[in-house]
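We just call them A, B, C, D, E and F in the order they show up, numbering each chain from 1.
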Amino acid sequence: MGIAVYPGSFDPITFGHLDIIERASLLFDTVIVTVFDNASKSHQFSPEERVAMVRESTAHLANVQVEAFAGLLVDFVRDRGAKVIVKGLRAVSDFDYEFKMALMNKKLAPEVETVFMMTSSRYLYIASSLVKELFMYGACVEGLVPAAVLSRLRRGHIPAECG
Amino acid sequence: MGIAVYPGSFDPITFGHLDIIERASLLFDTVIVTVFDNASKSHQFSPEERVAMVRESTAHLANVQVEAFAGLLVDFVRDRGAKVIVKGLRAVSDFDYEFKMALMNKKLAPEVETVFMMTSSRYLYIASSLVKELFMYGACVEGLVPAAVLSRLRRGHIPAECG
Amino acid sequence: MGIAVYPGSFDPITFGHLDIIERASLLFDTVIVTVFDNASKSHQFSPEERVAMVRESTAHLANVQVEAFAGLLVDFVRDRGAKVIVKGLRAVSDFDYEFKMALMNKKLAPEVETVFMMTSSRYLYIASSLVKELFMYGACVEGLVPAAVLSRLRRGHIPAECG
Amino acid sequence: MGIAVYPGSFDPITFGHLDIIERASLLFDTVIVTVFDNASKSHQFSPEERVAMVRESTAHLANVQVEAFAGLLVDFVRDRGAKVIVKGLRAVSDFDYEFKMALMNKKLAPEVETVFMMTSSRYLYIASSLVKELFMYGACVEGLVPAAVLSRLRRGHIPAECG
Amino acid sequence: MGIAVYPGSFDPITFGHLDIIERASLLFDTVIVTVFDNASKSHQFSPEERVAMVRESTAHLANVQVEAFAGLLVDFVRDRGAKVIVKGLRAVSDFDYEFKMALMNKKLAPEVETVFMMTSSRYLYIASSLVKELFMYGACVEGLVPAAVLSRLRRGHIPAECG
Amino acid sequence: MGIAVYPGSFDPITFGHLDIIERASLLFDTVIVTVFDNASKSHQFSPEERVAMVRESTAHLANVQVEAFAGLLVDFVRDRGAKVIVKGLRAVSDFDYEFKMALMNKKLAPEVETVFMMTSSRYLYIASSLVKELFMYGACVEGLVPAAVLSRLRRGHIPAECG
């Protein structure tokens, strides 16, 4: 099915994201994970850190590429010759927003399809925003985020100790 | 992306279904439209009629096949060597049901993925059940269902006159 | 704002319906309450009883008329020279269905508008289906349905005793 | 917290139900699982079978009792001296219905509280209705329903074979 | 139906808003579009610009007036002698918020009704927030916003070029 | 049922919160109302004021305690020897967020249960955020917040006059 783009903030990448990436990599020839560098949103990690964490976490997936991007998603998709945007759905509140985004992207680029995959039930509760709340209070985040995130937390000033 | 299965009752096929089939046929090598013959549900059209209407409506799509089936969806999917189930999402009430179905099918056949496509906004309101309510009162259904359905209605005892 | 049509099964009319009718009667010159006589649905009360109960319960509202109807709603609306359909919204599940119905009716009769009113919070939980469950077990339904319904229950074989 | 009532059809009991029962049994002194015998709904299993399956599946829980009941839930709750109804929530569609039921029960019995517990994420997709669809096609239901259900299926004419 | 108030930020007005205004202007004697000047929210356009854009876009509608306002909506509604607030509904997430607002406004001003109109399906995906994201990246917004918005964008430093 | 924790910002406490606290105090031996002091969120009232207002409003409830807390909820719950978190549900948008939180808290502290109570229908529309919008415009908030909040508003520079 050619090239698919999986866009997000990945601040940081979680096991929920990784699950979608792994499953998408089985469906598409190439999956480009696009780390959005949206200046108007404040992030915990820099775009470089976010790209690095996604890259390390997906190193075992030969057909997955990782890129930072600032701009309009459909421009990126067209530029890479992709015809599919992959999104994960987790809950009804996701659905509403993603529905509007998908219709808007269809209007901007009618040849591009958005396909949705359901988040695995065991990762349903992992949102980057909740993970960051756990960071803030030094809670254990093992089992929520890949090793590439954990090692960065330990290297820095965030304890995230377990057990 | 190999073979995808698009399951449904198609009682009858609408322009909403056809829109999903056409868009899926651009993404997958082969799309098998699977017309469910679920004895416990009462249908307006027989399985043979429903298959025929889908077949005629998709005749212009070289990589689309149509089959009737009675049984468990994942059995059909595996049997045909498909790894993807395609579903259309239209509204939050769809989401809830489809979410549970996707998780259940994942449990039954972990190697099969369900991918969702958003119904085009201009077909959002077309449900087979509403179309059948229009039939019942002889209302015009042009613009809602393909010609293959219209001709069958005219041939039969259902007026469905327009303008 | 001319004539508005408020359609429903009213099997039986509840205080939730009456609340919408009373508020709509303040906004529109005339409100026609349309009691649907849908043969394919099984009802607790006959169309005649349902019309009678609505009529008695709205006798104090000079600009409210009550009619039974079998057919397509937009045909009725056009026939009466109305340009508005009034619906009550209570919950998200109503929204989804009503949204599709409103879009479909817009397609069938572009000159007719559907306007929605939110059910008053004190009547949010009153659905005709729940009321009928209470009937079934002889529970008190005072405070849920108008006197015209209560008297019919008492006259009949349904106790619905209170306190 | 005294006595809690956990009502349902349990046609049949699933691991989703059992999970709620086990967790509720840690919170309340006594949990009465109430198997509704609603004549107007058609069931796969008889009330006696459903009670037996719940009883066998909860035999390890000393403070759990199982009873069949036909009637109004709040009458049962009051009769047993309970002040809490326990319900499991799984999805938004549950929420809408349960919300109305909880408000209605509050009106009928102001002294009784409904408390909701979220279904564990690993059981989110298990609905009795989906389990029955699997039965119908002889699919494996291990991991979805307790042994007491499996043994009954094997004893009967339903294969439900696995792997 | 007298005077109706259609409140919003209109930052900027979209074809979605205009569609509701046009349809409301057929139902009510007068529609007052109220541009909220909420100091605590940051806006792309000044209140003056927003009013001007709404005014130019509704110049063809004789019974539509446009005003800026800072304060409590129900105070404005009462002050103008209106008895109806018109809101557009697009999605379930709108519904939840609007439901609470409508109940609150009912409590503050029981004589004022909120009536909801469904956004036309072809404008469902147009939210001012998405339109502003498109601005930010210089994407074409023709077909999303009226000429009065487009001309302001071109006059300013925002390209919004098409084709 | 031992100790339950009812967490929130309470900025300020409303009759909606108080209703949940009163009903929870009938179910549990002790209810600890936990006023979160989340530095990253901006509040109308200081943590001390919020605690004081909750304390005054719950003075009539012998088994209710009030504490400020900054940190991870499950740490607080464990520290106090509680095994239940109580949350109020009001609408579908609450449900989605609370669902994720409950699953996450279950992962962090499997021995702690979250139980949900439905907000009484007469308080459904009272959100602290809407109350603060009313403050901002000097609207009457009697009937929405307890006397302890009203007196603080009058003492300060906020009129909140009624009638």
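Note that a residue touches a chain if its C-beta (ideal position, glycine included) is under 8 Å from a C-beta of that chain, and two chains touch if they have at least 3 such contacts.
Keep in mind that this is a model prediction, so the values were computed, not measured.
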item: Common touching chains of subunit F and subunit D; value: A, C
item: Partner chains shared by subunit B and subunit D (touch criterion as defined above); value: A, C
item: From subunit D, the most remote chain by mean C-alpha position; value: E
item: Most distant chain from subunit F, judged by the mean position of its C-alpha atoms; value: B
item: Centroid distance [mean C-alpha coordinates] between subunit F and subunit C, Å; value: 38
item: Length of the line joining the C-alpha centres of subunit A and subunit F, rounded to whole Å; value: 33
item: Overlap residues in subunit D, where contacts from two or more other chains coincide; value: 92-93, 95-96, 99, 102-103, 106, 121, 124-125
item: Listing of all chain pairs that touch each other, if any do; value: A-B, A-D, A-E, A-F, B-C, B-D, B-E, C-D, C-E, C-F, D-F, E-F
item: Complex contact set, residues of subunit D against subunit C; value: 40, 71-72, 75, 92-93, 95-97, 99-104, 106-108
item: Subunit C-facing residues of subunit B, complex; value: 90-93, 124-127, 130, 133-134, 136-137, 139-140, 143-144
item: Subunit A contact footprint on subunit B (complex, rising order); value: 1, 23, 26-28, 83-84, 89, 92, 95-96, 99, 102-103, 106, 113-118, 120-121
item: Contacting residues of subunit E [partner subunit B, same complex]; value: 92, 121-122, 124-125
